[in-house]
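Heads up: the structure comes next, in structure tokens.
Order of writing sets the labels: A, B, C and D. Residues in every chain begin at 1.
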Amino acid sequence: MSDILDSLKRVFEEVTQEADWGQPAQYIPELAEVDPAQLAISVCTADGKTHSAGLSDKLFSIQSISKIFSLIAALGRAGDQLWTRVGCEPSGTSFDSIVLLESERGQPRNPFVNAGAIVTTDALLSGREPKMALAEILGLVRAMAEDDNIHINADVAKSEQRTGERNKALAHYLASYGNLLNPPDLTLGTYFHQCAIEMTTVQLARAGRTLARIDGAPKIVSAHHARRLNALMMTCGHYDGSGDFAFKVGLPGKSGVGGGLLVIVPGKASIAIWSPGLNAYGNSKAGTRVAAMLSQSMGWSIF
Amino acid sequence: MSDILDSLKRVFEEVTQEADWGQPAQYIPELAEVDPAQLAISVCTADGKTHSAGLSDKLFSIQSISKIFSLIAALGRAGDQLWTRVGCEPSGTSFDSIVLLESERGQPRNPFVNAGAIVTTDALLSGREPKMALAEILGLVRAMAEDDNIHINADVAKSEQRTGERNKALAHYLASYGNLLNPPDLTLGTYFHQCAIEMTTVQLARAGRTLARIDGAPKIVSAHHARRLNALMMTCGHYDGSGDFAFKVGLPGKSGVGGGLLVIVPGKASIAIWSPGLNAYGNSKAGTRVAAMLSQSMGWSIF
Amino acid sequence: MSDILDSLKRVFEEVTQEADWGQPAQYIPELAEVDPAQLAISVCTADGKTHSAGLSDKLFSIQSISKIFSLIAALGRAGDQLWTRVGCEPSGTSFDSIVLLESERGQPRNPFVNAGAIVTTDALLSGREPKMALAEILGLVRAMAEDDNIHINADVAKSEQRTGERNKALAHYLASYGNLLNPPDLTLGTYFHQCAIEMTTVQLARAGRTLARIDGAPKIVSAHHARRLNALMMTCGHYDGSGDFAFKVGLPGKSGVGGGLLVIVPGKASIAIWSPGLNAYGNSKAGTRVAAMLSQSMGWSIF
Amino acid sequence: MSDILDSLKRVFEEVTQEADWGQPAQYIPELAEVDPAQLAISVCTADGKTHSAGLSDKLFSIQSISKIFSLIAALGRAGDQLWTRVGCEPSGTSFDSIVLLESERGQPRNPFVNAGAIVTTDALLSGREPKMALAEILGLVRAMAEDDNIHINADVAKSEQRTGERNKALAHYLASYGNLLNPPDLTLGTYFHQCAIEMTTVQLARAGRTLARIDGAPKIVSAHHARRLNALMMTCGHYDGSGDFAFKVGLPGKSGVGGGLLVIVPGKASIAIWSPGLNAYGNSKAGTRVAAMLSQSMGWSIF
């Protein structure tokens, strides 16, 4: 085990010197046009400090990382009844697969595959105006990060809305099984906007402190619920690459297609990483590497 | 958090007073005829002590828990090359499903579904006589438990061999993709025998100390490998109930259809539980409950 | 073999005396509220005559039988290029399954499962206003039936549009693979309206004469194309009940969820049957029985 | 329509002048080493004559075409009860897929996919010695062909037995669902031997006369059963290429991986073709082409 500042510096240097950054997500122009050779790392430690390396004040699209926040908000509203509509098992399939949904009659495997996140957002929406639900998610993220300067990028949301045919298919499919309580367009509109929240790694790492249950973190989620959310991130946080992440990093985490990665070190730290080039599972390539290296050098694996 | 002796006593009493034990596995007479209303718990703690409650000197068939031991042995023999033949991702399907095997062209998802365990045993066998491989597994288990009085129940092995049509199908299927290097009958024979190892909860808990990396545990697996094995148990240890176990217990574990359950508390303890009645996923019903209660009362969740 | 009039009378009496009519489709009120104990049969024979029994002047919703007409129209417009967008193989799955679509990357198995019919309608639409495509289908049906009094029931179309979540999912899913060239809403609107065409069995039997290639039938489809359409009806006309229909009836046919059934006797006759109660595959229960009995008593099996 | 002798000559010449013969099956040496550039055609017509072109006296391995004969024999023994163990629907999957077997709990889709043929052979075996069942199949083939000089190639059978891991997997899988009544090895042994029957195209065309119900054919199968067998060949005779065959040839047929093809023209002719190079579905490439051309030039499509 070593000092976090040393580790951070060493890992950052080693990874930025590598040539292999992966490809950014191609499905919307806002993500596709980003230079993949970028890296930001921020770590909030138990002593209340935040350490960063690289472009830690650069805003990026958190995309699927927002599924954590909408899940927390939806559990606050629907309680454990949410688990009658969505499971908590790894799916063994890719993030946008519709296959299991048919054999399981409209109940998504977990809240982190797209279908499950759409159900979660639907539970949060619960008959209200989309902007009310979005205000609730944004309010939660801001409170967790203790930073009011967190916003939704409307252009990104609009691009998703224009191109998200697969997500529209999932929403209508869920509706066909009666597992969508709001009109599909409203739920999807909310979902596309929550994915378009922009944060810096500093903000995201700070928002993760509650889940890491470190001192000074806002008391928003009970320790009991934080543990369960971390468990979910461990088994389902990286789609069909979740086992690999658990194996190599040994920490709960959630990735987004924008290249963001939130990694929780229970009781010890909250780590946010951003690097927009992706690996074969659709997770940040350099980000996953950074997480593995930091975990190893700091002795942070929970196993 | 409380004292382990208090917790153990309280959990044992609460669970044994429950009427709902579940049904033992029905597919072979040796398992089917067991009275489900039985419970044993043993816990090895970091101070080198072993605490037990219930029938902790009763032998039971470890079944799929043996997959941990054959995996350790196979990794010792084949090294990381084993991962070219079997993955490390949760499957999202039941323990004996053959479906994914077709779409993934003969590469099982992980070493804990039956197909993956058969490949693991095949890698361990590697052209030798089955009895050599079995001696190696038994030797490993005995060394980990520091107890030479651990044996294979030949009747149980014979029963499995007689009735294991699904496993035979898996083996020939793997062979059809060239992912079995020994004759299917030899690999299966070895596999059926390793599943028929009998242990008490005391022996099993002691064998788990190495994975828990607690003081005094035999140095058989490096800390690095132990962490990876624990990660695998977390994401894949309970088939399509793995997410639920992570969610409710928050610890890596591996179950067997004989009602056994090995649970690892990294750095702190190794827990073995036995209760032969099963839940819907084929895992010990009372055992899973004991694990969740102990984890909660001791504050042992790794999340 | 016997006389068609005798056969018709005998079959009609035997089937109407049966109590077991099945249940009408429940998903839209217009179909659900229909009394299942109704039967109409019309047969156009090679001598140019049309014989009927039962409610042969009653209008019913042709539903999926419309897929034949939209396919003929789309082939007229797109030619054999249509087969690059949709296959001609039986699917082995139910009419609205989305599973194969994922493994085959957005190319539906055949034009008679819903996904395939949506692609077909999309090819027919080809950038035009939906009402233009609908006029083309209606014009084709009227020409084939030589009867201008055939219309679309707007209420049924509206009901489908309101409840067709599964079809919306299929359309967006096809779009996500680039296999929908028009906006999903426009293609679906056209599709829902074509399904809402209403006909009597007399009109439908007359519309089938072209496919039966009997004297006096309008020359709308070449003998070569008629043969291929009949082959498609044989292998794919009844979803996952196609094999059973081929086995028991021995004739190409296409069913609709409204209880209609068009059966072709190549070179000899065109049969339309309507009875709104359905069997387990979603095909007319009494209708299938009538088809089997008529085929047998007339010696009409093509095998 | 034209004269059969002219057609036969023209088709033979056109196809043999083509360079594209496809690849023979590679999984056993007996099939793999055959020169693909070979063609034999024999046609038995309603006037009792047999016309041939090419290597019509050359023996080839009938492989899956034997499934027709074992089905006829099994239906003779088990009657319609066989249909409780195997379905009559196209599978939409390849000949040796195990996937559907899991979702349908051990009941194969139809008797022409490998799993279904193994069940059929098992029903025929019904507790007897394999050689008894094989004698029954051989006896049936000889009676249908009116030729006693038809035998099993023991080398081919032995090769299949050595390499048939996928079929062994299917057999054990069926056994795991209780859908195999004999020991898997006995049923498989019988199955591998029936596939190794050798015939010339003359013999095979003559054996098909009963199904074509042409004058002079041995009365072995009732017209009712012949029709049903033809229907099965139409919907399921070419695995996941059945729809394509129906579409292009318009006749019931059954292919074998040895390059054989039996095509039935109900009431008119029985056609046997052999050319060992295969297309993507595992059916004879030149053979399929010959069938399509003959059907078209003779006007033999049943549609």
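In this section, a contact is a pair of C-beta atoms (placed from the backbone, for glycine too) under 8 Å apart; a residue touches a chain by one contact, two chains touch by 3 or more.
Treat the numbers as computed from the prediction; the structure is a model and nothing was measured.
Among the remaining chains, none touches chain B as well as chain D. Look at the contact of chain A with chain B and you find the same residues on each copy: over half of the numbers used there are shared.
Taking each chain's centre as the mean of its C-alpha atoms, the one that lies farthest from the centre of chain B is C.
Between the two copies, chain C and chain D, the C-alpha superposition involves a rotation of 180 degrees in steps of 5. Averaging C-alpha coordinates per chain places the centre of chain A 32 Å away from that of chain B. Centre-to-centre separation of chain B and chain C, using mean CA positions: 55 Å. The geometric centre of chain A is 47 Å away from that of chain C, both derived from CA atoms.
Residues of chain D found to touch two or more other chains are 103. Chain contacts here close into one cycle, and each chain has exactly two touching partners.
Interchain contacts (touch definition given at top) occur between A-B, A-C, B-D, C-D. Per the touch definition, chain D reaches chain B in the complex via residues 97-99, 101-103, 165-166, 168-173, 175-176, 184.
Across the interface of their complex, chain B is touched by residues 87-93, 100, 109-110, 226-228, 230-232, 234-236, 240-244, 246-247, 250, 252, 266, 301-303 of chain A.
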